[in-house]
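Report on one structure; see the data block that follows.
Chains here go by letter, A, B and C, matching the order in which they are written, and residues are numbered from 1 within each.
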Amino acid sequence: MRDERLMRLALFIPCYVDTLFPQAGQATVQVLRRLGHELHYPAEQTCCGQMHVNTGYQREAIPLVRNFVRAFGAYDRVVAPSASCVGEVREIYPRLARLARDPALVEAVDALVPRVHELTSFLVEELGVEDVGAYFPHRVTFHPTCHSQRVLHIGDSPQRLLGRVRGIELVPLPDAQECCGFGGTFSVKNADTSSAMLASKVARVLETGAEVCAAADNSCLMHIGGALHRQRTGVRTLHVAEILASTEARPWRQA
Amino acid sequence: MSGGTPRARPFERAAHEALQDVQLRRNLAKATSAIREKRALATGELPDWQALREAGRAIKAHTVANLDHYLMRLEQSVLARGGQVHWARDAAEANSIVQTLVTATGAREAIKVKSLTTDEIGLNDALASIGVHALETDLAELIVQLAHEPSSHILVPAIHKNRSEIRELFLRSMGLKASELSDAPSDLAAAARRFLRGKFLSATVGISGANFAVADTGAVCVVESEGNGRMCTTLPQTLITVMGIEKVVPSWRAMEVFLQLLPRSSTAERMNPYTSFWTGVRHGDGPQAFHLVLLDNGRSDVLASEDRRQTLYCIRCSACLNTCPVYARVGGHAYGSHYPGPIGAILTPQLVDTPEADTLPFASTLCGACYEVCPVKIDIPSVLLDLRHRAVERRRLHRGRLAALDTEDGAMRLAAGIFAQPHRYRWVQRWARLVQRPFVKDGYVERLPGYLGGWTRTRDLPAVAGTTFREWWLEGGDDG
Amino acid sequence: MSSREVVLRRVRQALGRDGAPDADDVVRGEAAVAAAAAYSRSGDLGPEARADLFAERAGEYRVTIRRVAAAAVTEAITAELTDRGARAVAAPADLPEAWRVPGVRWETDGRDGVLLGTETLDGCDAVVTGCALAIAETGTIVFDAGALQGRRLLTLLPDLHVCVVAQEQIVQTVPEAVAASLAAARKGAPITWVSGPSATSDIELERVEGVHGPRTLVVLLVG
């Protein structure tokens, strides 16, 4: 564990987390510092380009790949509180680098990709930690996002971490594996179908009686939380990192 | 077409309509959730299900990589057993071949086993144009044919109809009295049996598709439940099978994999009621004239892309349809194609080059549930991504300079320019924080204009944070 | 250029080749795929257990299963035909005398090369046959137009099918059944796998038995 703490660990804070959900990034920092890690934040990072790739604009994403490599290439590990962005980097960046027909970029991407991790799987699988000393006495239900399950295969890392949070009351979410309907630009290009899927997910969340719906991705939470807020349900969404950051001494409050 | 060509519209528009059809929503939700549960049981029972999926994928991958070899082998094997083989470049040629063959028999009616391939080429219409009625004999195909509607599901074409709707249809089309027919599914099936029996016994021409065709022995295979497949491939003197070239499998042994994958994935049974294999013709048993029509119709184009080639592995089980949260809410008609659902979203735009077909790859959240269930491991999300890229490139090619005027295209290029340069990105964040002010109420935006308006119809959006993560970090990054 | 040549050329172009692949390479590729296969290709149940499994699984499809000692087959066939009021019964030419029970009118197909007319067959209430083999895991009976089975139409038109399955004919798994059918497949025999009476799930996905094909399937499991 000593050695792990000496590694150069960089934070990859996705664009929408940076802009709309900075508290999830702050919580990530708190948790990792509490575990004794020194953190770096390459300020030149911008966006991973997932929106572009998923909407069919692959070429436009290539400069973003270059920027990512420039920003993070020097670090031993890169950690992000977002399964979908990490999934983008791991699964798609190699394709984009090849689309660019740039051997240097291909090499740089292939070297960097295995060092990029999603937060909960980094904690559980890389650091071997499940108890991060958190305290959060609330009723919480967890939505396992499609990318985290089917692309990154992080399995039950988030649930294991949440399970060790003192005071928490975890309620299983019915039909948890069903997609919430976000899908990036699908949420606006196919807004009707997206809303129909969201309606089902919201209904399941409300069924649990939970105060908080948590996930390892703010993208899905933005969508689910957007409806929970619009419908004035009184149920809020939190990133898993925010729950993990909460302690008895310093309870997490929404920014 | 059994009941008509599905109307091709941009998916978003078709979905908008379908989502409001309450009866359809109910029928679909009930049907798809029931079959999902059954499928999970049927596949969960086999400890080597994953190994079978991998074998299915590997066999298909090897076959399509050597497709010419196996097609020639299949032809040889069928000819050796007294069958005839015809090659069709496209739908028009396939139809012409079948028209000629049927005309030679003098028949005015042909009995058909359900075949998506014949729907794809519009065979029923082509036969009608020469005065030959192609009678659908699968119960659901019969239903949609009588209703003059297109099929909405590749396996259960009448999934969008409930029992009372079907009863109404039978009363009208079979000339039955209301007192003679209840809406119990068993009664409806019995009515269909009586109606079709006479047709089976008198037909001289049968038309089928094929689920598989075995190259080394020449066996052609139809997998079914009702028995109409056996009727159509055994009773008539002449049998014509129209088959997509991707249906060939290398060997008899390969069937040990597919006969496990298909029934459990499609109808969620250990085995479907009837699977028939026939090879060429056999004296005194079954049709005395057998014609196998091998159809390309764009499949060789699919083959040409290494990434998209896997689309051809499909064994038409429909597990992806039943698992897809989008399909489960909008149904098959919204896809405007004989191939709906996730497989349709990747196959259709590769066979058909239209702006409507190019909206299909976007009819997905890329959730990956389809890939998880596909018995031959087609990575549908990956092919969808590739087709989205192709759709954008195609639109740019077709529109030329006008493409620049497209809102989305312009916005994406603008965004990319911003994200490619860190200082621009920071500037835009500060600018957004300023201009959002009139729209923000208590930290949320409730209405967005234009392209983004779809979001705020049903969701609020958090405002740009007063302090972004970057700003917080650069100010010391301490929560105090 | 014929359509055949056009299609083959398109396929080759798509695969980046000028001509057909080397046949030996293809064979090697096929063998490699088979060698990599990690699914189970055989079962480990003994004959009794296989018979029990077959009876259980076929029973789930609403097949009527009667376990019968070899000496009691005639009696069993008689019982089935009588109980169900069968009067005209079809049979393949090589059906054993012991199975041609009295009390019904036998219509034999293929005797002295004479095939029954379709109307006659349609008019039969029942048909009695043996089978090629059966699959325990899936409750399937396999016909290959071979011994004691007759041609395909025989087991298709009559509404009641009484099928004698000997315990030794039951294999456990699908791969074993496919392997056992290889010889018949190579000879170009028509092969039919039957798993229960016909059914449809086309109406609200509710399974309904008995569309076309025999609505009643009775298996006399001998052993």
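The working rule: a residue touches a chain if its C-beta (ideal position, glycine included) is under 8 Å from a C-beta of that chain, and two chains touch if they have at least 3 such contacts.
Bear in mind that the values here come from a model prediction, so they are computed numbers and not experimental data.
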Topology of the chain contact graph, where touching chains are joined (line, ring, star, complete, other): line
By mean Cα position, the chain sitting nearest the middle: B
Between chain B and chain C, centroid-to-centroid distance (C-alpha), Å: 30
Rounded Å distance, chain A centre to chain C centre (Cα mean): 54
Where chain A and chain B are represented by their mean Cα positions, the distance between them in whole Å: 33
Multi-chain contact residues (two or more partners), chain C: none
Residues of chain B defined as touching chain C within the complex: 27, 30-31, 34-35, 47-48, 51-52, 54-55, 58-59, 62, 65-69, 71-72, 80-81, 86-89, 93, 137-140, 143, 156-159, 162-163, 166, 185-186, 188-190, 192-193, 196-197, 200-201, 214, 217-219, 225-228, 230-231, 234-235, 245, 250-253, 255-257, 259-260, 263, 267, 269-280, 282, 284-286, 294, 296, 300-301, 303-304
Partner chain B, residues of chain C touching it in the complex: 2-4, 6-8, 10-15, 20-21, 23, 26, 29-30, 33-34, 36-41, 57, 61, 110, 115, 118-119, 122, 135, 137-140, 145, 151-153, 156, 174-175, 177-179, 181-182, 185-186, 188-206, 208-213
Complex interface listing, chain A residues touching chain B: 13, 15, 17-22, 25-26, 29-30, 41, 43-47, 49, 51-58, 60-61, 63-64, 66-67, 92, 146, 149-151, 177-179, 181-184, 186-198, 200, 222-223, 225-227, 229-230, 250, 255
Partner chain A, residues of chain B touching it in the complex: 11-12, 15-16, 19, 325-326, 329-330, 361-369, 371-372, 385, 388-392, 408-409, 412-413, 415-416, 418-422, 425, 429, 432, 444, 446, 451-455, 457-465, 467-470, 472-474, 477, 479
